[in-house]
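Look at the two complexes coming up: chain A is in both, with chain B in one and chain C in the other.
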Partner chain A sequence: MSFLPALLENLRRLPARALADLRPGRGQAGAPGADDAARRMRRSFVLHLHPLKVTERALDPWLTLGLGIATGALFLALLVSGLLLMLYYVPSPERAHGSMLDLEHAVAFGAFLRALHRWAAHGMVVAVGLHLLRVAAQGAYRRRELNWMVGLGLLGLTLALAFTGYLLPWDQRSYWAVTVSANLVDHVPWLGAGLKQLFLGGERVGAATLVRFYALHVAVLPVLLAGLLALHLWRIRKDGGLAASAGAAPTLPAWPHLMLRLAALAVGVLAALCLVAALVDAPLGAPLDPHQPSNPEKSPWYFLGLQEMVSYSAPVGGLIFPGVLGLLLLLLPFLDREDGAPGRWFGDGRVRVQVLAWGGASAVCLAAFVALQLSAQARGAAAASDLWNPATGMLLLGAVAFVGAGALGRSTRAACLAALLVLLVALAGFTLVGLCRGPDWAFFWPWEAWPGGA
Partner chain B sequence: MDDKPDEQAPLAAPRREFLVRVGAWVTGAAGLAALAGAVRFATPDFREGPAARFPLGPAADFKIRTLTWVRDRDLFVLHDDGGFGAFSARCTHLGCTVQRVADGFHCPCHGARFDPLGRPVSGPARLPLPWFRLWLEPDGRLWVDTAQAIEGGTRPPAALGADGVGA
Partner chain C sequence: MALEPARDGRRAALALLLAGLALAAALAVAAARAWSPEWRAHQQAYRALGLAGDEGALGLQQGADCLGEVERCATCHLGARRPELMGRALPAPLGAHPAGLLERHPPRVGCTDCHGGVGRALSARAAHAMPDGETREPQLRGPHQQARCARCHLPSAALGMPRVVAGAELYLELGCAICHPLAPGGRGGYDFGPDLRALGRRTPRALEQSLLEPAANFPESSMPSFRPTFEDQPGALVDLVIFLEVLGLEGGGACGLQANSAALAAGPCATCHAGPGGRAGGRFSHRCDFLRARAGELACARCHPAEIPAAGPGGGECPAVRVHRDACGLCHLAADLEATR
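Then we have the complex of A and B:
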């Protein structure tokens, strides 16, 4: 065939060939186990996430609650909405708050995308947190030490992204939250002053801080998160799938059984997110006043427990408590080497009794500690020392629970999970108290009006 | 030219093993040095923001028995029967600006309370609001130096010059 007819023929058949040749899994007919879906899965990069066949157990929605996939879907929503928001956002003190107003009022779908980004971020914090709790409660960190660490890194990155993100609107909450955290960093022994300087790019929150946070938020942290996420997913396959299905024979083809379920879950999460974003606008605080915080000046709910603890003592609430919690999480797969009851909530019966009993007891103690603290505060008692406050109380109780649950349950898993639950009950309780704080950080029940009609 | 790597024991030769180790350590050290350089790069040698030493304005503007909030500079100027005093409005707990109330100062961020001279009363603050060196220039203006803390509650004698000599 001469050149011209051949070219014309190739062009004529281009659409059909493009469809056929670019499809993953082509040209492997006759490979073992080769129905079409299996071939596609083996060849496709995205579908490669899962092995060809999975266990029946892996399909049980109550096993993982789909939290990991939900997190991934929210991360995707954050990437897309974040890239679009970058078209209008200018990271300078003069323009930042104005570009928020532009997005709200003068850009088509601007308010929607901002709301989507905000609620997806909150959703991702919730999903990552619950995912971690699920894995810890089922003991699924066992024999997956590396992936547990990677997961903790992902939690840290998620919180760092949330934190760097909320400086960007350059409103009252942004400025004061970062001012407070920078001063908290100053309390770190030896490194504090240097870290604070690194973080702020100067003495106080200013243009340099905004640019640094912007660079972290749009480049450094998302790239790290995407890389660690890929590693996290890959390790699940390498570690032999879900911890709970260890030992069972994989019998079901992943396509369509697992894949369609995952796709439905991800699409469902994104649909719910769009609905929420369409109905609820993202709040935008008052323009920044670097000389006077609002009263009260409250952080977003996921840092409110920390803010409450910091209001007892800066070093205990801001450094020691989160440090102990982080250390316990890091050491968890090394302190507990028991292989009992994979995939069961809080292990087997003996462990579960211990963990839940200590968790319940800690809720009662927490209520008592907080009541004492609030009555002392109401009396205007003299400044307490950094040592005696509800946060240290709960840390001590965590230590008691570690020893108590471990000895009574004769199990390292009981010890670790009981101590973890005590600290998490404390964090949740302090968050609730923080929600009830009003002007001058005084306590108000939710049904009480704040003075000054606020 | 018979230098093909031996696939059975590629690093068996002690000299080769030594060189690989040295290479790894040098690469690691260079990486650490680059990291240190990046951290140093992110720590500028200039300081932004207003100077620590500045005029507050004519002393006559700060009437006796008043407390003035110098908003732009985050400090309070007290003028009472003891004389003039200037102290910081930034909470010693975590740096929010305290607000004036009837019995002293409140911090809205974490509820620290201070008495009218800036000493902590309750809440999480452990240190008093820092007082700054204050002086009167011959032209009648009060000056303050926020880089020089002085003992809380101390006032300079009612009228004095930069060198401490009465004007």
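Then we have the complex of A and C:
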């Protein structure tokens, strides 16, 4: 056939061929034994997240609480809203705050987008944290060591993204929060000053910091996070799906039972997020003024626990506590090699009793330590030593819990989870105390008014 | 758990459908809020009164102040620049600007040039940013509004700024400039106090507090409390605060009044000792005259009462100036001083 007739023939058949050839999963339709659901799963890239058949147990909403999917949905919302915000935001000290005002007031749906991005960011930090807690509590890091590490990386990237985004509105709140948080880096020995210089692009938060944080926030960190997330999801499948479903024979087709549930959960999370964003505006403070520090200067809430500990003792809060917690998280899958009770919260029997008992004891001890500290502060008594404070107390309690729970429960998992729970209770408790701090870092109950009526 | 696959599949599909409906509802709420901003209600009222000549002309109204900063005040203050509406009783944001000032200013002077506030904002709460609100550029009210006149005009009672002039005089009399020099590039006798051009951006209440209780904002402050000074003259305190607000404002340079704003930046002395072009006139002699005339009031004169010589030729160099050589920077530009030495 010569050129022209062939071309005409191809053009004539283009619509039909496009429909046929671009259909996903071409060539698999006739796979032996494939039913409709299985074909659908094979055709879809996204649906490869889970195997064709799952156990009935995997459908139990209490198993994972859907925290991973919720995190993913929030990340998607952040990507979309972030790309739209990028069209208006200008990362220069002169114009950043003005572009925030434009978004808030003059851009169609600008205030909604900003609120959506803001609340989704806070929500993602919460969801990632709870997801990690869930995986740890169920011992689901076992035989998934690499994915546990990837997950820790994702937690770090999420915090870094939230933190870099915090500066971008360039208002009083963001400026002083980043200044205070950057000062936390100062407590890292030897490297502190250099690291701070690297993050801020100078001695203090300025134009260089804004550009640096912007580049990290919109390019470097999201790409890293998306890459690690892909690896994370792929590893779930490679490691055999949900840890808890190991053992039982998979009987149910994942489509529709599991997949529709996940979709409903993701859409439900997005719906809740949109409703919050539609009703609650994101805060935007006064344009920043380096000469007028806000009092108190508070870091974002996810670093507030550390800031509270730094207020007791800089080395403990800025280095030792986060170092110990990070090390424990990193080593968790290697310190605990027990295989029992997959998917059970805090293990089984002895282990659960130990972990929950130490967790409860830590909450009581924390309350007592903080009460002692606050009453000493109220009396104006000078601390006997910088190192003797609630944060050190909780670290010691964590060490005691590690040995105690391990010995009494005769289990490395009990030891690890008890110590982890003690440290996380401490972090949560110190964050709550930090939220209650007012001017000059004095303690105020939430219902008490601050002096000066700020 | 006995699970019927067919029934469970339907239930899962129903859950997805409900979640989708919830998402649609949430987006509808967002749309409803985005499409009904505060300013639309004002524009509807404006139209209902038959004031909008061309129906299509309304919508977001955007202008600029004299420095080119965007301001959208006219979106709600629709009658502000329509003098023909004067005398008509119109609801709050729609009326005309009061007579007297608007017509004496060129059209390129924007609303925020005189009124302050946040020009880009379109809700009353964000745009007006009341003095006690947490904002650096407060919409100054009452006598405080005089501060904004001094942004472009030299402070003078004749131009309607008596409180600015009174505040500038207080600033000199109380010796504020000893620790808080004003001239750009100039340093005070003592490098104690922070630059007031930055601190002047605080809210009036914060400025008052800084004067009455300096340690409240900055515990290590060595500044004395001026509470006794202002105990029985609260008006004077407001005067001084108004003058400090002047220092915190950026000059309206683009309005063609650069000479005036430069003179203002040269120091508050120009307020009282305006020479040619509005600059502070004279050099050492002026300073000595000033010191001598206020010998009883100045902080430095309290320590060196006998050392301030007579002014004029043969009077000798003022020892206060010699000792606190850099004190000249209170009023003079550093470059001027170099030329004199």
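By our rule, the second predicted complex is superposed on the first by the 425 of 454 C-alpha atoms of A that agree within 3 Å, B and C clash if a C-alpha of one lies under 4 Å from a C-alpha of the other, contacts with A are read in each partner's own complex, and residues count from 1 in each chain.
Assume contacts are C-beta pairs under 8 Å (C-beta built on N, C-alpha and C of every residue); 3 or more make two chains touch, one makes a residue touch a chain.
Note that the structure is a prediction, hence the values are computed from the model and not measured.
With both complexes brought onto chain A, simultaneous placement of chain B and chain C is prevented by a clash.
Contacts of A:A314 after superposition on the shared chain: chain B is touched, whereas chain C is not. With both structures placed on the common chain, the touch criterion links A:W176 to chain B but leaves chain C unconnected.
Shared-chain residue A:D239: touches no atom of chain B or chain C. Once the two complexes are overlaid on the shared chain, A:E338 sits clear of chain B and of chain C alike. When the two complexes are overlaid on their common chain A, residue A:L252 makes contact with chain C while staying clear of chain B. By the touch criterion stated above, A:Q292 is placed in contact with chain B and with chain C alike. Of the two partner chains, neither chain B nor chain C is touched by A:D348.
Residues 291-292, 295, 440 of chain A lie in contact with chain B in one complex and with chain C in the other.
Within the complex formed with chain C, the chain A residues making contact are 56, 59-60, 98, 101-102, 104-106, 108-109, 111-112, 172, 252-253, 256-257, 260-261, 263-265, 267-268, 270-275, 277-279, 285-287, 289-292, 295, 440, 452, 454.
For chain A in complex with chain B, the touching residues are 176, 179-180, 182-184, 194, 197-198, 201-204, 206-208, 212, 291-297, 307, 310-314, 377, 380-383, 386, 437, 439-442.
Chain B meets chain A in the complex at residues 39, 42-44, 47-49, 71-72, 74, 93-97, 99, 106-111, 113, 120-126. Interface of chain C with chain A (complex): residues 1, 3, 5, 8-9, 12-13, 15-16, 18-20, 22-23, 25-27, 29-31, 33-34, 37, 60, 62, 69-70, 72, 118, 120-123, 126, 129, 134-137, 194-195, 198-199, 201-202, 206, 216-217, 219.
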